[in-house]
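One chain, subunit A, appears in both complexes that follow, with subunit B as partner in the first and subunit C in the second.
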Partner chain A sequence: MRRHHLLLVLGCAALLAAGPLALPPFYVRVGQMMLYSAALGVAWTILGGFAGYASFGHAAFIGVGAFAAGLIEVQFATLPPFLALLMGLLTGGAVCAILAAAIAYPILRLRGTFFAIAMLGVSHVCAELNNNVDALQGSLGLNFPPVAPDSVAPEAFFYELYLFAGLAVLLIAWRIRQSRFGAGLLSIREDEDTARMLGVPTERYKRAAFIISAILTGMLGVIYAHSLGYITTDSVYRDDTNLNLVVFSLLGGMGTLFGPVIGAGLLVFITQVILGRLLDFHLFATGLLLVILVLAAPGGALGFIRGWRRRRVQVPAE
Partner chain B sequence: MHLIAQTLVDGLVLGGIYALSAVGFSLIFGVLHVINLSHGILVLIGAYLALIFSQALQVDPLLTLPLVMAVLFAAGYPYQRFLIQRAVNQSGLGSMLLTFGVALMLQNVMIWLFSPDMKSITPGYAFASFRVAGLTFDAVRVSALVASLVLLSCLAMLLKFSALGRVIRATAQQTMAARLCGVNVPHVYALTFAVSAAFAGAAGIVIGIILPFSPADEALWTLNAFVVVVLGGVGSPAGALIGGLLLGIVSTLTAQYIGPAFPNVTMFLLLVIMLLVRPNGLLGNAFAASR
Partner chain C sequence: MSAAPILQIEHLSKQFRGLQAMSDVSFTIPAVSITSIIGPNGAGKSTLFNLITGYLPPTAGGIRFQGQLIGGLPTNRIAERGIARAFQIARPFRDLSVFENVRIGALFGKAGPRDVSATTDRALRLAAIAHLAARPASALTVGQLRHLEVARAIATRADLLLADEPCAGLNPTETAAMIEVLREVRASGVTVVLVEHDMPSVMEVSDRVLVLDAGRLIADGLPQDVAQDEKVIAAYLGSPEADDA
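Up next, the complex of A and B:
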């Protein structure tokens, strides 16, 4: 992402910010879903795309963040809604950071598919503990106070909140990508052993990327919980989220910054708008899309466009 | 004392069935290095086919075994040859996502065909049981266990003694060398997949007679297979047996002594510890390195 890309992103964001004024509530909700998914996708890609550690269990952080925030906010029910949300965000982020730091050492020693499945295990274990330990109220459910001011429709409020959060996540990911740390993560993706041999502190970098990704995912989970208003274990620890985070990057372009954004937009559009009425058909359509993607465009949309551009440039030269 | 013994026996019976349900997954992982996320679906297809055949032919569900295995063998070969083979040479993620996509599609198809409700196969001896030395054995579970052990032994013999088994082992150990010796690698891959699919289907029958099943169970059986393979080691029936028995004992002991809701927690703790301490599984490095 170069400087004019940044301007383009800000321009798009300004345009998107005006969305709720012009769109009917249904499409504001779809937009909200797209922005939330895109933000999650970018948070995932800091670890899964840059460092190549594809996690199949990031919903663990959504759930842990959401429940940590909900449990702390109940204790301070008298706070004004805005401060409550802020406190929820900080708590959710902090608890996710602690969880990620605690499991980072064992789990980041695993690679490839083993890491992916172990993360899926982490997500299932967190969900099960949350559901069965009574103090965490996972099966009973948690209520979140409404945070949107009365003058604004809730869906518009959360739309703007997701837009803001998404931009923040994108900027963080962009800064990481530009930094020495980001270059280190890419070298881990390309060849971890060689990177380590050449002096890249791979262990520290992986751990940092894992924790940052977890914090951002957890905070998005907190906002998501507020937008739902009431959560149980099943509504935040979702296996389809676990899968979709991988699919966003795959659809848009694995390892790229904008890949997950494009992928999230496309997938949400396909499932919510085109197939919105065909609920019986969702699984089939998602599966078919995956199969076609892997067979026809393994590089995702961005990889496809780049390959096509490259071919176009090369043809006159020959 | 009696409770512990009974729990262990239940665990071993369950473990034998886990082992059978995982052996196909293990073989594909060991030979093709593909994580077949549609494995659970193949297991469930076996269960549904057994249900249909045993009702249509009015026979004991275990007698439909050859028929179910033949159908899945015939379906598995083209599935690997024409679909998964295209993704085998991509990164591990490619074949994983491809098989996951197929699993989602087939799960949806099964919901259309069989409804999302729980189904079960009840053979004539469903409620019979007998007691040996104070321990209770369900006739259904024992016959399921016996079927599992017989099938696992058959697969072990096939791999060890037959020409096909030799070619499969050679391809798993050194694909390039096998190709140089004239092995048609894609063909062997497809045959391996077909054999694995047939065993997944057989596992489906055995599971179908002891537990109720629904299309949504597929993820459970895929995950179980993964855990069994990690515990026992990749690519060998013996590894699958050890891993399966271990998993069965751990999950029944947890359910009995810690709480019925916690088997998954201990299972995955065991999995992570195993991956860290002995990444090749208990029987270690049966075929090529797996990571």
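Up next, the complex of A and C:
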């Protein structure tokens, strides 16, 4: 992120922070969904975009994080709302870290489609366990204590919380991208065997990226659960989320830092605002639109813009 | 050449199920030299590189690098010790620029990141591709990609460069440029082990030549001596006895 990028991000953040003051509640909820999706997309891209391990099962971490937080918060019902949320975030993140560390060794031996499908399997296994083990209350559902102050509308509170969380995730991803660790992840994405030959500790780096991505996704799941107020297995282990996380990067630019942010913004705007009134027909229209967009800009929005800029620079030189 | 050996191969063998790819091979590589390993297809040259770099574990025998046993270590740990490889079929990081490709070598490799920018620049200059630094790796020609392989490998601050057929498929001008780069690499203090089929290049650049045939070492000596060796001629052209039979 160069200096003008940083200024742009801070400017956008300041503008976005003022959103709930100017927008009607419906658009605040749409904004909430955009920010949540963008943050999830960036958390996913640490593994899927930087390291090239595209996961089709990150909803596992949303669900595990949300239920772990809910189950622990119920035990400490007398805590002030802020502390309850903090405890939920820490618990959700920690349980996701343990889960990711436990499955990292076998699952990261798989590559490409095999890894993607295996992660989808992990998501489904976690959902089934959550649903069928009574102690986990997946089928019965879990209530989350309200955390928004009485003086603030819940949708505005969660909008600002998602904005803060999104910026934090973006900052973490940016720091990773700039670091030696980030360069190592890129080399793994490009050619894992060559990366190892250059001295990149590929196994350690993949595990670290997987665990960091899982923690961030789990923590976002905790905020999502709080914003819903009541969750069941179906509300957090969602296959459309598994799919959308890949689509955000495809639309915005795979492997880039801001690609998932742009992709999430585009997709949520298209599905919720433009096509939202088409009811069931909107799924067909969304699918068709995605196919057209991916065919027209295979490198995503950022790839399209970079290609256009390159062509514009080259034309006068010729 | 009397320099201390940087690499010692001791009774090295490799078996793939029923195939004996390498049988009891022993030799040493003196430091700061160019040693070529030649042999017909299937002689075991690439297997030898795979064993040295830890890509394959040996079935028997030992590999010592700078006096330390490295056989069986993971590939990245061997790279950290100071062994780098330039592949026969160039494997650039296609979505990254030439500079970024070489920088990754400088960030990792021997003893971790130190003077990354200076090391990257030096490797680019040594491999004669400094002028291509900003270009995407995907836009390079075959010859330029071979230079990139060498630049990325030496950016790891390796003491030993294993160059796998760096001249294959290059025209005479490109071959001459690559030979010059290998000489510059040696002059910078790096030992080069070269696997190459292009005999004029081998004869021109090598301090010493080893010949493998069917996984066995059949000759080891100065280039002009090896070129006259009957066993080597027979391995390449076939022996009269075998032809008569």
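Please note the rule applied: the second predicted complex is superposed on the first by the 317 of 318 C-alpha atoms of A that agree within 3 Å, B and C clash if a C-alpha of one lies under 4 Å from a C-alpha of the other, contacts with A are read in each partner's own complex, and residues count from 1 in each chain.
Basically, a residue touches a chain if its C-beta (ideal position, glycine included) is under 8 Å from a C-beta of that chain, and two chains touch if they have at least 3 such contacts.
Since we're looking at a predicted model, the values are computed, not measured.
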Query raised in the report: Of the two partner chains, subunit B (first) and subunit C (second), which one does A:L243 touch, if any: first, second, both, or neither?
Result: first
Report task. Check whether A:P201 is in contact with subunit B, with subunit C, with both or with neither, and answer first, second, both or neither. Result -> second
Query raised in the report: Who wins on subunit A residues touched, subunit B or subunit C?
Result: B
Query raised in the report: Looking at the overlay, does A:G184 come into contact with subunit B only (first), subunit C only (second), both, or neither?
Result: second
Requested in this report: May I ask you to decide whether A:G255 touches subunit B, subunit C, both, or neither, giving the answer as first, second, both or neither?
Outcome: second
Query raised in the report: Counting only touches as set out at the top, which of subunit B and subunit C does A:L295 meet: first, second, both, neither?
Result: first
Query raised in the report: Which holds for A:G141: it touches subunit B only (first), subunit C only (second), both, or neither?
Result: neither
**Report entry** subunit C-contacting residues of subunit A that also contact subunit B
**Finding:** none
Report task. Mind listing the subunit C positions that touch subunit A in their complex? Result -> 53, 55, 74-76, 79-80, 84-85, 87, 91, 93-96, 100, 103-105, 107-110, 113, 152-153, 156
Report task. Could you please specify the touching residues of subunit B with respect to subunit A in the complex? Result -> 35, 83, 86-87, 90, 92-98, 100-109, 111-112, 219, 223, 226, 230, 259, 261-262, 264-265, 268-269, 271-272, 275-276, 279, 291
Requested in this report: Note which residues of subunit A are touching subunit B in the complex, please.
Outcome: 54, 106-107, 109-114, 116-118, 120-122, 124-125, 128-129, 131-132, 239, 243, 246-247, 250, 254, 280-284, 286-291, 293-295, 298
Query - subunit A to subunit C touching residues, read off their complex - result: 180, 183-184, 186-187, 189-191, 193-202, 255
